[in-house]
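Chain naming follows the written order as A, B, C, D and E, and within any one chain the residues start at number 1.
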């Protein structure tokens, strides 16, 4: 079980390495969206600092949404998914490994680049710290929930947009707790509650999402 | 030439009709993003009205980006694209027909729903009118440019994110002129310039994008 | 396994036409090697002179104090970022028309240097913005379009990296380079078309210069240094690309057997 | 002059093809005349598919010249395109359409009008009578292939057919029927270039075979 | 008892299968014993692929019972899964990997360890020696199929192979080699259920054939 986890993780990372551009461009997307918002919204620095956390969170969410669609797609198209379903190893473990690889490739780089973007929005160091911390706990949740959506819509037409429709409602609490933390901190309130809630979201989705995705995949293949 | 345009248009619309969910969900995505934003940013009405045009434009842009990836994908996968390349009809016309169908299915509904969203952001009727008009001229440009990106990245790894990296820089001027119109109107300046520039963008991309996409498709198939 | 034959050799009338002599990698490779050192030396010398003028000869600015001296890096970098992009687009057009492999190689060799210049222009501009405008970044037309230029470079490189087949990579990249070239005039004229925070053009061929002559000289010398560096870096990289792409051809094998004689 | 039986419909001289860093074949000459059947033979990976794609203009040869009715294809690009019909490994059918819709749209994309009656008859002939209103996604492998092949049965303007492994996934009855259709086209003055790994009997007077194993580098 | 030659490895009773509104077959009984080769025959669309997917648990039958070594599959799900190997129409190879990487990862996903040497030997045996470091996306149709089939050559724990049209896209040499591998597996006490439309000679003592045309509804 551990070995299949490690193998699938390594496999997905290797695949991504073969497509290095992928990793770079997911980042590029995040950078671009966060730069686009000021363009659309107007350049007043105070206003930007006001909405910075929100914009970064929405961008992270969209970056996930945009790419998570493809989580199982290629495995489905070439028949590897059938083989995963037929494996003696539990499917949920395989799914979890895939989600881990996915997060390492899209979530983590985004968390690492976030301080730079915070700078661009002229956030203070503490605010930057809070935004990055919420992203660090929040993005794995986004990936896990995204996986469920991806599994559910697998093979359905509509793909990306349909996923968005299914998953966004689940993303909303994460977004609110995550983006809200900075606002609370600015208002002088404490943010432990937000972190606790984000952590709880992560734990719950860690427990439920792989199983739910596995079940959805079985249904999709029938 | 006209008949192949009509046929491909009809074909893509029929395909979309078979997958009704698709049309609904592109809309759903737009609705969700524009509703998420107030959540991320905080609900003060004046601030919301300030950023409304920007948010709607960014949402439209992202909705396009999210779905345009698939413009040629399925035709490529099942070999129809080969047949299009081999057709005696000019490829650019076929591409144009596909883009038209795409816009009718994703751009137009979004323009039609925009007044509702403007209401949600408490924009005035004139502002609403300006936003909708800019979207009406701007979204076809987004679709056309997106088609070039989709053709260029066809079959490549990186998919969605790579498209974003390639196309977003070209989207930025459209976004600036589009979202800027309301701001200028509010500031008491005239907005004819913005509309003229948006129109120019549309005309240029109408002339260039189908040809560029066709060229990119030929390159991709080699 | 054998080498694809030189496409330049198949050009109609190519043998008689002198310019095309250097259009094939095996003839261009040694030429590039010979040009390499002069470029480096020139770049170093000009850079030394330019910095000397910039930091010791040019007077302190009345309003900005000494912070304006960033101009000696900022402006040449900004110029080069635009010039290099145009050069890339030019080589791509040549490549598409004449079907020469070398032109595409030149284009891909130029991209990283161009991206570097765009980045330097953004970076120095941002550093300069803090003392003069009170902020690192504003969403002004010139700044934005320069940022877009940087992303275009990144897009070009990412696209090429994502395609294995060199032929397809060349042609797909060419499309981006050519379509993206529209952005360059936008950068250049943005200060005219929109009234913005950023400085307008003060160097022009038709009007009298509006800045101190020593400043102007410093900038021009630095610009020449940047040119020399760009040419040198591009030649170095194009040699590497040639070797990597043509490693299975006879001339590269001979080169390898020849004990690494560089020219 | 164009239709004189001795002018090759499509001919290639000194064709060579490289993929990645491997040259697949070189110095290949080939010609197909009206009323001729040409099989491209060779083991897996010898370049049959690559050759067919070059012959129809989907990819470019590394070197060599291609002639359509004795004129370089560059000059007669439209005639060339109008004159051929290529069916590849992939079926070019849309999963969401019924067989009938697929057939009509693929003819339209190629630029040929096709009336519903004729299309229907072709589909019935090829054995899809009971599956006419099932979306193609639900058809079996062989049935999808039949949808694609139905285009050959309903009359096409193209004089030259390029068929890449047309017999895969078909059962014995369908193979015999397709062989019949190919033979009829050839006897009617058309030409066919095809590849296959299955031994199939096609009943025509003249048949030629190019074996790519002989041209390997 | 489990390996006694007369206990069927996999057996099905009164199986029926419906797709959409069409019932494909009904009342199908079938059993395959160690050392047996079973061909599932039938025209296009008679339900061969559907049957194989039911037999390996990818889809569910409409009615009927499935037994693994004489026990209902529900009870011995893990043994059942560990005991079979299914290769479908689709190759389950990743375009971006080299053949070797593909082979090793697909074994790992199935839960089998495979050392590099053995994998390499299998690939060389199946004729991919010169393409070992080419990404699978650049291989020809037949070469991809070979990558997938290489798994059969490098020894697997699975006693029962379910092969859906294994011979498509292969050239004559590869077909013969695969037939040999199947024969060897069967002679070694394994069992194979396969479908094909090509007449292929597999040299085994006992072979059976289920023709789905006989069970059509």
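Keep this in mind: a residue touches a chain if its C-beta (ideal position, glycine included) is under 8 Å from a C-beta of that chain, and two chains touch if they have at least 3 such contacts.
All values reported here derive from a predicted model rather than from experimental measurement.
Colleague: Hey, how far apart are chain B and chain E in touch steps, shortest way?
Modeller: So the least number of steps between the two chains is 2.
Colleague: Would you mind checking which chain's C-alpha centre is most distant from the centre of chain C?
Modeller: E
Colleague: Would you kindly tell me how far, in whole Å, the mean C-alpha position of chain D lies from that of chain C?
Modeller: So the centre of chain C lies 48 Å away from the centre of chain D.
Colleague: Just how far, in Å, is the C-alpha centre of chain C from the one of chain A?
Modeller: Averaging C-alpha atoms per chain gives centres 37 Å apart.
Colleague: Let me have the rounded angstrom distance from the C-alpha centre of chain D over to the C-alpha centre of chain E, please.
Modeller: 31
Colleague: Using mean CA coordinates as chain centres, what's the chain C-chain E distance in Å?
Modeller: That gives a centre separation of 57 Å.
Colleague: Send over the residues of chain B in touch with two or more other chains.
Modeller: 18-19, 77, 156-158, 162, 165, 168, 172, 176, 222 - these are the residues of chain B that touch more than one other chain.
Colleague: Pull out every residue in chain D that's touching 2 or more other chains.
Modeller: Chain D, residues with two or more chain partners: 20, 22, 89, 96.
Colleague: Do you know which chain C residues sit against two or more other chains?
Modeller: Answer for chain C, listing residues that touch two or more other chains: 144, 151, 154, 158-159, 162, 164-165.
Colleague: Please output the residues of chain E touching chain D within their complex, sorted ascending.
Modeller: Where chain E meets chain D, its residues are 19-20, 22, 42-45, 47-49, 89, 127, 130-131, 134, 138-143, 145-146, 165, 168-175, 197-198.
Colleague: Per the contact definition, I'd like the list of chain D residues that touch chain B in the complex.
Modeller: 56-60, 78, 81-82, 84, 86, 88-97, 101, 105-106, 108-111, 135
Colleague: Using the touch definition up top, name the residues of chain B that touch chain D in the complex.
Modeller: Checking each residue of chain B against chain D gives 3-4, 7-8, 11, 14-15, 18-19, 74, 77-80, 82-89, 94, 221-222.
Colleague: Within their complex, state which residues of chain B touch chain A.
Modeller: On the chain B side, the touching residues are 18-19, 21-22, 25-26, 28-29, 32-33, 36-37, 39-42, 47, 50-51, 53-55, 57-58, 61-63, 65-67, 69-70, 77, 156-162, 164-165, 168, 172, 175-176, 179, 183.
Colleague: Of all residues in chain B, which touch chain C in the complex?
Modeller: Of all residues in chain B, those touching chain C are 148, 152-153, 156-158, 162, 165-166, 168-170, 172-173, 176, 208, 212, 215-216, 219-220, 222.
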